[in-house]
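Presented below are the structures under discussion, each in the form of structure tokens.
Next come two complexes built around subunit A: one with subunit B, the other with subunit C.
Entry: the complex of A and B
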């Protein structure tokens, strides 16, 4: 009888109350349903019209600025979602992530500007961007993904820094050991100036019914479309064999391997997909702002996107979008505060991390996990095996180790 | 290889050796496990039992020797290929994937015999969808033995499970891999007497479904009850092998467990 009131309570309680009780995992499930995502994207796409309506009927004149800000916000949401795939799902700490965004923007800028006098049609340019980012992802990924955790982070960080230096210095032909590669006038990247006059995508500037479409609004919609496609793809993958393998590798690589998952292949797959996604977003950005800047490679950009993902919660798609909004809109609203705005943002961020180390909607804590494996699990897979297997270790030590790891060797009835 | 009993050897280890630096954890280890048999590997802590399992499942590479599954050489194959050839295992310190649900954990078992592409899953490509349905159906049959325990928990994350249910999930995951040989590393560790009886029943039930089982276990009454044969190892060397009764009274086995004086007393 004691269970009855509880059942009654869940049945009669308000749906919102039940949703609140479900916790972050439940919120994530609720927010990634098509019945939530489709209206979200429709409302998001209609925001510019609302802004326009307010501007037309009042003395307020912020439509252009706000649409630009929304486009930026959507771009960061795209990047956060792509980074979430590689860090949140596959558990690969890729600190060179933003370099792929930069590579995509420069690849597009080179084939759509006067820099090397190439003007590819849109689909050809898209193919170039995909192939170039994929090539770089494989170049870095194949050797780096044999490393784990911190080592992978350092290698990818190094890759990002090298790419930044390359972009800054490739405004002249590279000279190696006294030998000059390429003709003297070769200028691939424009150095610190970046590449200018990049062609936007060949899109109509006005449409029937919608009338004239301002540039920012068009690219806001393109980023929104890219975000919707990315979320669709990632959700489909997450609930398929591929996504399960990613999360399994993140949770316990050794067990995943023992269950027949080719861990290297799936890690490389996650790395390459997120890199290509970042490359495509870089291409859209280059067309949006007509430029490709060396700043696209800056490490602080990586940090920004990482903050968005961690703030929103590792492994949570709605969290990544929330993180992107929270980290682009408030700083703009606090523009008069100049640099103090970063202080406020930093304090808010620290508060979130202290109160909710999993991030706003996250389910995985970024603190070292103490559950299930205990101390033994924190060692690498190989050393775990050797540590528990060394015959030189006394039985008590082994028993101790096993007790910590959850495999209790208590056995009162034991007899040889 | 045909053995005296006329049954086919599923697993054949010959001269399997593994050294860690100057230490020989497994030393020229020979064992064969026949089709439909339950063979237990016992020995004191640190005898090298788990290392043997790690060598068979490809987690560790042997220094020397060979391991054959149904006549096919396993040494040198990466761990994920070995699963593909028909070996599934559980771990001493339970390794379920904590953030995946019970269902998803079991689906990982089907990973090696299903196929799916990135494009297949976004476009609802029929073969991919069929593979996914087959995998989902396998979950249903893999939990057959654990139904009343796991069915209600299928959509809960594995970290929320009790210790015993994690073990059951791990076993169901191994069964979903449709193995020919199942390696169980201390399946009854940390379980209470009732759960131990359940484990004994489970192991028999799995054998009756045509599986061959090679297990490590410390709990002697359980070993004596369920094993067809028992292999004893100490300091990396096989010191005895035979029927449970024979091994039980073997002086070398008693010595390995309790020391020389106890054996001579």
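Entry: the complex of A and C
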């Protein structure tokens, strides 16, 4: 970046000034560089030690609470990143997203508790979780992804509601038209109580050098690891053929098809990857809290993860992490906020959409636009300009250019 | 088989009753979708607010189960409060949450609509009542149960059906026979062209939201009188089912929404009566998914070319 100074007047300006001028899309690019992400994850992983150090040397006793909170933050960040993949990158409004999280946690709970007396080894359980969530994702995805936009949202919402209904009612064998299916004592989901006494992962409780590792800290690290892995994977994908195909489909499906992109295949891929990610996070969560609860994937939860993605900005990974922190920490710290949680989530969602639809660090512009007969819908600032090189051109200006010329601005991922 | 034959008429009647409520609310979804191509997820919650407004109006004039002024007057006041209040709410929602995004990408208003829905639910829960609120139905309307040919129905249920059907016919006449109705249809067909014809599109959209929401408010009142209770969560599932009905009937198509609502009510009632009460909702949503997959434009909808 700095190796090749731009030809404009930026040469003389301060790097910080340049960064400021780059705007949200530029900040997003700056924050997704390895030189920022690697130190971020190292520092994040070390936080529990800092907390422990403070606790050992003062009368403060919040380590356990804060580590638990951090683990929750990391979990929501994972979910937000996975949802961002399907909504932000592929542009698919999956309202049943949280159901996959639930399917993952119930699948793990069933093979790692006394509910049906199965205790699979870790890797077998992981395989089960992946296969089960993948099967559900294909079951919904293959038919639903042939529909577009609104209809996809409805079908996935319907799927989420069906899963909810099944989870709540499969605590007894299904009875259809007077016939009972399965033995009388059959209880798969525990109904409203959920599943309890789920086995945690078989992990050592102490390690050489690190000493004893409390449960929360271990799972905080696991979630952090999962987050780092997801981000690494998504960043690698973004600049691959697959990633370019996703962005192309989201920005202009017709054009993408004209270029020979198999839109159905790539959308299904994004849908399934995001679903399996959510399933694995659900599995980790079940092992973390020893339970699988139906509340964990009520529709409000989907909305909560949505606001995390939207506040941070569609298509932005750092934004998703930021959003997850913003909507996880405050309700824990202020108990009086808990009953207002969804009210705040709702107001924030509306306010962000109306005032700044691209979110804090968003790379997808969904602002109202005066179309003069054109059908330009989405434009990615992330992709049109390497922002730090051309700081003078902002997202909206590109949009204006586009509106004036009636043309679609250059190929997003084009590089000389 | 005997069991089936004996119970079928009763289940059919129950289905028509709940189905007319779905239809009334489905009309709102379909009206708004027809004009704005917007899935107004908050519509079910407008219905819920309507129920609360009716309950509130009733609470002013009914003390300890005794009406202090003539019952008919109270019910009229409840209807005014529910329809007027819900209608104004709908107009407000459109102004604040949807109008700024009218030309935005399709994803944006859809997400906002989900936000509005969650807002109305939590606002009611936090600021009004987390517990169900009783509607003094038995002080207001006769609780007679009608018997005929082995089937029975409460008078309130029959009223619900009759009022809902009357409103639907009224709406149909309004949309298809009046000058303003044709402005609405013009706006639905092509907003830009409607502007050229001198139609005040903003006003049409406002009135549409008012009518749709007022119908939902009336649905809330009828629901309150029939079931004698309202709660902050009731709009959620009922809204989604009404919406399912609108989609099944072909979203954007008024008569389709009415038939879709009645069909869904009957389906739900028959599934509950003869197949499984346990998985009633599962079947309803399966029906939605199957219809969408087989006939995405709904049973009575026009084939959609690039609508998605």
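By our rule, the second predicted complex is superposed on the first by the 335 of 416 C-alpha atoms of A that agree within 3 Å, B and C clash if a C-alpha of one lies under 4 Å from a C-alpha of the other, contacts with A are read in each partner's own complex, and residues count from 1 in each chain.
Note that in this section contacts are C-beta pairs under 8 Å (C-beta built on N, C-alpha and C of every residue); 3 or more make two chains touch, one makes a residue touch a chain.
Here the structure is a predicted model, which means the values were calculated and not measured.
*Asks:* Looking at the overlay, does A:233 come into contact with subunit B only (first), subunit C only (second), both, or neither?
*Replies:* A:233 contacts subunit B only, not subunit C.
*Asks:* Touching A:350 in the superposition: subunit B (first), subunit C (second), both, neither?
*Replies:* Second partner only, subunit C.
*Asks:* Now for A:127: first (subunit B), second (subunit C), both, or neither, which partner does it touch?
*Replies:* neither
*Asks:* Check the residue A:315 against both partner chains and state whether it touches subunit B (first), subunit C (second), both, or neither.
*Replies:* Once the two structures are laid over each other on A, A:315 reaches subunit B alone.
*Asks:* Where on subunit A do subunit B and subunit C both make contact?
*Replies:* On subunit A, the overlap between the subunit B and subunit C contacts is residues 369, 371, 377.
*Asks:* Spell out the residues on subunit A that touch subunit C in their complex, using ranges where they run on.
*Replies:* 87, 91, 93, 95, 143-144, 146-151, 153-155, 157-159, 161-162, 165-166, 169, 172, 174-177, 299-300, 303, 306-307, 310, 339-340, 342-343, 345-347, 349-350, 353-354, 357, 366-371, 377-378
*Asks:* Would you mind writing out the residues of subunit B in touch with subunit A in their complex?
*Replies:* Checking each residue of subunit B against subunit A gives 20, 23, 25, 44-48, 50-51, 54, 57-60, 78-80, 83-84, 88-89, 91-100, 104, 107-112, 114, 116, 118, 121-122, 128, 131-132, 135, 157, 159, 163, 166, 173-174, 177, 186, 189-190, 193, 218-221, 235-236, 248, 253-254, 257-258.
*Asks:* Quick one: in the complex, what on subunit A touches subunit B?
*Replies:* Per the touch definition, subunit A meets subunit B at residues 25, 232-233, 236-237, 240-242, 244-245, 247-248, 250-252, 254-263, 269, 273, 315, 363-364, 369, 371-373, 376-377, 381, 385-386, 388-393, 395, 398-399, 402, 405-411, 413-416.
*Asks:* For a test of understanding, state which residues of subunit C touch subunit A in their complex under the given definition.
*Replies:* 37, 39, 96-97, 100-112, 114-119, 121-123, 125-126, 236, 240, 243-244, 247, 274-276, 278-279, 281-282, 285-286, 288-289, 292-293, 296, 308
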